[in-house]
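First chain written, first letter: the chains are A, B, C, D, E and F, and each begins at residue 1.
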Amino acid sequence: MAQLDTSLPGVRQMQKWIRAKTAVRVQLRDGSKLDGVLDWQDVEFLALRLPNDVEPVLILRQALSVIRSLN
Amino acid sequence: MAQLDTSLPGVRQMQKWIRAKTAVRVQLRDGSKLDGVLDWQDVEFLALRLPNDVEPVLILRQALSVIRSLN
Amino acid sequence: MAQLDTSLPGVRQMQKWIRAKTAVRVQLRDGSKLDGVLDWQDVEFLALRLPNDVEPVLILRQALSVIRSLN
Amino acid sequence: MAQLDTSLPGVRQMQKWIRAKTAVRVQLRDGSKLDGVLDWQDVEFLALRLPNDVEPVLILRQALSVIRSLN
Amino acid sequence: MAQLDTSLPGVRQMQKWIRAKTAVRVQLRDGSKLDGVLDWQDVEFLALRLPNDVEPVLILRQALSVIRSLN
Amino acid sequence: MAQLDTSLPGVRQMQKWIRAKTAVRVQLRDGSKLDGVLDWQDVEFLALRLPNDVEPVLILRQALSVIRSLN
């Protein structure tokens, strides 16, 4: 698997959300939604920390439909 | 990840919509629709600014079904 | 992104429909259908002109399920 | 796009159905089904001739779920 | 298309089921299920022989969700 | 098929869950969920051992939507 291309605007936007601990809403392909804070991203997964959770959940990047900040 | 091939008609059409701030409707694979103005595109995401929003939402290119201008 | 391989029968069939302005029906993965005339194809999108529309809609090739002529 | 690898059992099975004009049932990812006779296959599409149709419909290979003969 | 990598545990598990004619349950992406015995696998398809059928059905590997033995 | 890149945080997180026999919940693209303990992962599949089962079920990596620990 390739490394993330950090010159891509989408990857950079998510890095900003990760550093700023911005609350985001992730909409999955099946229409369901998860709110939380991004911990990290790699080429295969986004790690999203849900409110009050210690460990993030892993979301398959390909299962993503829309991601937005909740600011 | 590869760079966008700006010689492709689809990529060029979206660049036109971006430059002209054309209102577009994005239909996702789950059938849901989002209206807004495209801010930018990269190989993985489209950035769509919804009405009255400051930051665009990121739409996974693979989650796209149909995109059309609202002109 | 690679160029279309115009030696493939599927690509050639769509080129025929484009040149002959054949009315086609596109069925998407979510089961919804769109009728129109193909304007162009590239490796990522089909451009389908719906009746009475000036600009074609862009359909992600991967979001396609079935395409048929309406002749 | 690559050429079909005719050493693969799946590709070879479909070539047999094509040559023998075997009636097949194609089940798509959305659960819908189409019955017909395969005209040809390439890396992107299957061409399926429905009963009484002159031209085959093109089915995106990736939109396929199950294919079986109706013998 | 590449050849199957028979050093992968998943590919090896399916080879075991094929050789032992183990009854398996295949769950597809749309949630539907098929029970049978695996005849062969290649990089694109699984061939599943349903009870009392002479020919296996071909299941697109990408359309698979879960596979388990029924032992 | 490539080997797993064990430098990726997602792959490493799952290796931790495998070694610690952590109970996890896997949510599939169709919204259904499976709870169990991960036995192994490769580039194509996750092997999930359901409660009281001897053999793990194989989950196509691409069919995954979300995975989380149940701790």
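Throughout what follows, contacts are C-beta pairs under 8 Å (C-beta built on N, C-alpha and C of every residue); 3 or more make two chains touch, one makes a residue touch a chain.
These numbers were taken from a predicted model, which means no experiment stands behind them.
The fewest steps needed to get from chain B to chain E, moving only between touching chains, is 3.
Touching chain D and chain E together: no chain. Ranking every chain by how far its Cα centroid lies from the centroid of chain B, the top place goes to E.
Compared with chain C, the chain whose C-alpha mean position is the greatest distance off is F.
Averaged C-alpha coordinates give centres for chain A and chain E that are 33 Å from one another. Centroids of chain A and chain F (each the mean of its C-alpha atoms) stand 19 Å apart.
Counting partner chains per residue, chain F has residues 29-30, 62 touching two or more of them. In terms of inter-chain touching, the protein chains here make up one closed cycle, each touching precisely two others. Remark: ring traversal beginning at chain E, heading first to chain F, gives the chain order E, F, A, B, C, D. Against chain A, in their complex, chain B makes its touches with residues 1, 28-30, 32, 34, 40, 42-45, 47, 54-55, 57-60, 62-63. Residue ranges of chain C in contact with chain D, taken from their complex: 2, 4-5, 8-11, 13-14, 29-31, 61-62, 64-69, 71.
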